[in-house]
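Letters A, B, C and D name the chains as they come in the text, with residue numbers starting at 1 for each one.
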Amino acid sequence: MSLGAGLSKAEMAALVARDIAPGSYVNLGIGQPTLVADHLAPGSGVVLHTENGMLNMGPAATGDQIDPDLTNAGKLPVTELPGASYFHQADSFAMMRGGHLDVCVLGAFQVSATGDLANWHTGAPDAIPAVGGAMDLATGAKSVFVMMTLFAKDGSPKLVPRCTYPLTGVGCVDRLYTDVATFEITPGGVVVRETFGTSYDELVGRLDVPLLRR
Amino acid sequence: MSLGAGLSKAEMAALVARDIAPGSYVNLGIGQPTLVADHLAPGSGVVLHTENGMLNMGPAATGDQIDPDLTNAGKLPVTELPGASYFHQADSFAMMRGGHLDVCVLGAFQVSATGDLANWHTGAPDAIPAVGGAMDLATGAKSVFVMMTLFAKDGSPKLVPRCTYPLTGVGCVDRLYTDVATFEITPGGVVVRETFGTSYDELVGRLDVPLLRR
Amino acid sequence: MTATICATAAEAVAGIEDGAVVLVSGFGMAGMPVELIEALIDQGATDLTVVSNNAGNGDTGLAALLATGRVRKVVCSFPRQHDSWVFDGLYRAGRIELELVPQGNLAERLRAAGAGIGAFFTPTGAGTPLAEGKETRELGGRTHVLELPIRGDVALVAAHRADRMGNLVYRKTARNFGPVMAAAAGTTIVQVRELVDTGDLDPEAVVTPGIYVDRVVVA
Amino acid sequence: MTATICATAAEAVAGIEDGAVVLVSGFGMAGMPVELIEALIDQGATDLTVVSNNAGNGDTGLAALLATGRVRKVVCSFPRQHDSWVFDGLYRAGRIELELVPQGNLAERLRAAGAGIGAFFTPTGAGTPLAEGKETRELGGRTHVLELPIRGDVALVAAHRADRMGNLVYRKTARNFGPVMAAAAGTTIVQVRELVDTGDLDPEAVVTPGIYVDRVVVA
């Protein structure tokens, strides 16, 4: 059984961007989620937070814009938009942990049927663990969106009955955006919202997780 | 038995000021302790904190200096000295509670032989209780100095074996400045440092607290 | 969601419900949102709990709200002032409930609500009547008391200037409880003396970022 | 006590003792006190515990300190970076201890130390390996984990400007851990790009008041 060609990373990012309400305060995790910024509608008024201490972060800095004192959570040079503000780490994380961010978008190794998230550690014995702000975002944001491919390179599903990788947070994921389908994790179970190059029935056959139709 | 004429409030304030090291960060409680500011040596570099959110507070404001946005903990208009800073209540009290103030000077109803402080409530049934920042100062400052008359108007001592008024803090008072003597509250007991218009022996006779000579 | 700029104080306080917990900034009159309080008096919500450092001065602002009889309970650190006759009368008549909180615990409990801290241990108040009945624990050789967050349904805050995104700056000691209350409420309503264009506040000097602000009115 | 202005970084780091817990500001290279770290390397203290968000980049700054072998333990949130080869080598060789702390817990535990909070309950980390063995409690329907303060013997902080009283301002996201670390240490040592006269910083925009600062050096 094979799935048809799914979405590109850019297409996944566009789907996430579509679901972010105008005027939202949003944190985009390092890696793939940063692509979402490119797909926010001009004038949407979405305000980006970076956990190292800034609101209303602008696009990546280039050329003369590069300033070593102004970086994002991935330590890459960024810019400042009008209406920006700077604050220290305890204030930045108070913002995240106090439930003030409307949405955070994170990558993942695995998501469970009940919304558990594993995205910080593969558990490999020689790996150097690093967690950063992932646990704070997963636990604190009003809505947690995850972007990932639905299957690992070896074909195993990453939406699983129970995460086998070390957890980042328990029952924290609200929506899951993958290359072949988007899902909503609800108290009643996992709902398939849309499929891309595959069908609900194909997904039911490939995943070990009960799936509800929208 | 009677005590000779003791110190005036101004003289007590001068004694306290003498014991504040140059460059100290100090909070002067509302009421009598504010007099201490007048006796700090010019150039001592003592920095005054006011709990409503300011460091390097200046003297009382007069005339055109009066600004309703700039008051002290007693809600009286004050001024700002060069090098001042403003901060919100949680930051101001973090400063107090985190042990960053070198000295606070408080008034008191009673102080016990082990340094318990009672200064916020007489316990009278019809009194409206009010505590403000007294408990935070008593608990948080590196050194807690108390200024009070040694005897109440009815002649009863205010340095007591055990406070009968509701406590502000337990074992928190380091030094006690009164009109007739100054005391140090040490782990070994209450030490008489100086007497004014009275003698060590007279004090021993009037107080129900064991007194050590310096 | 980014802040809404309201045309009037009445619009700014619309929808405050009966029974709401209302955080009110200010230390005495410095930083007190007088116009928002007056709008709340007109708006008519009742059975309120008010959290504020003081319990009103004279006959205006918070004192005027208390005088309407629509405040069930006051949570504050220092109700007794030389001109707090409205509160004093209600309290002595048994017509208002008082929860007295050390000022640092008030500030820190508000901060905890805004920062997602479920509870914290503090030495302040240990061994005093204000810690009676509270859980205690020895930490680092000192007795600590367990304190819980104070969350507001609404915060009424006075700031100095806002930009159109709701970023705020305060002025001198009028800052006091504004920033912690703005972060601790479900809906934060701010009165400012001046509204400036977005980009006109120094990003290094913004005290309350707009993320904490829901409604702004110039008053 | 008001801050001392030091002539050299060597003078600023004098007296740091073997076995000290050293807080080091910075997020990657932004806000890292490189000159103070180099002075600490020359100063020679050993058996150190370093608390910092990362565990060094490339071969300079924190990485250079780790390379001396004088750091026993690192407390951080994100040791793994594309250019963290010094730490990686020591860790894989079992020559350095790592306490991994979620970044928000790191910031809040430092703040707790500075603010006199004995311990606090947070939902971050609940149900994950980083909360294993820690006390938990249900609060408001969520599992919370009890976290303790992280206090430093010394903080090494990079700021942008200081005045002669030690008041500090930072620049952009280089602010990061500076303010919380400055408040969390017994001795706070700050390097700045510029020293200005007292009165030249806007009192509304001071981020770290001088009360938290012991020594300042221009570097």
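Here is the rule we use: a contact is a pair of C-beta atoms (placed from the backbone, for glycine too) under 8 Å apart; a residue touches a chain by one contact, two chains touch by 3 or more.
Nothing here was measured: the structure is a model prediction, and the numbers come from that model.
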* Structure fact -> Label-sorted list of chains bordering both chain A and chain C is D
* To do: Could you please state the distance in Å, as a whole number, between where the Cα atoms of chain C are centred and where those of chain D are centred?
  => 32
* Asked: Between chain A and chain B, what's the gap in Å when you average each chain's C-alpha atoms?
  -> 54
* **Distance from chain C to chain B - Cα centre to Cα centre, in angstrom** => 29
* Asked: For chain B and chain D, what's the span in angstrom between their mean Cα positions?
  -> 35
* Multi-chain contact residues (two or more partners), chain B -> 80, 86-87, 90, 93-94, 96-97, 140
* Of all residues in chain D, which are in touch with two or more distinct other chains? -> 108, 111, 115-117, 122-123, 170-172, 203-204, 207
* Quick one: which chain pairs are touching? -> A-C, A-D, B-C, B-D, C-D
* Within their complex, state which residues of chain C touch chain B. => 27-31, 53, 77-81, 84, 87-88, 91-92, 98, 100-108, 110-111, 122-130, 143, 160, 170-180, 207
* To do: Note which residues of chain C are touching chain D in the complex, please.
  => 108, 112, 115-123, 137, 139-140, 142, 144, 148, 169-172, 202-205, 207
* **Residues on chain D engaged by chain B in the complex (per definition of touch)** => 1-2, 111, 113-117, 163-165, 167, 183, 198-199, 201, 203-204, 206, 209-212
* Name, in rising order, each residue of chain B that touches chain C in their complex. => 50-54, 67-72, 75, 80, 86-90, 92-94, 96-97, 116, 121, 126, 128-136, 139-140, 166-170
* Structure fact -> chain A residues touching chain C in their complex are 21, 23-25, 45, 47, 49, 55-56, 80, 82-87, 90, 93-102, 140
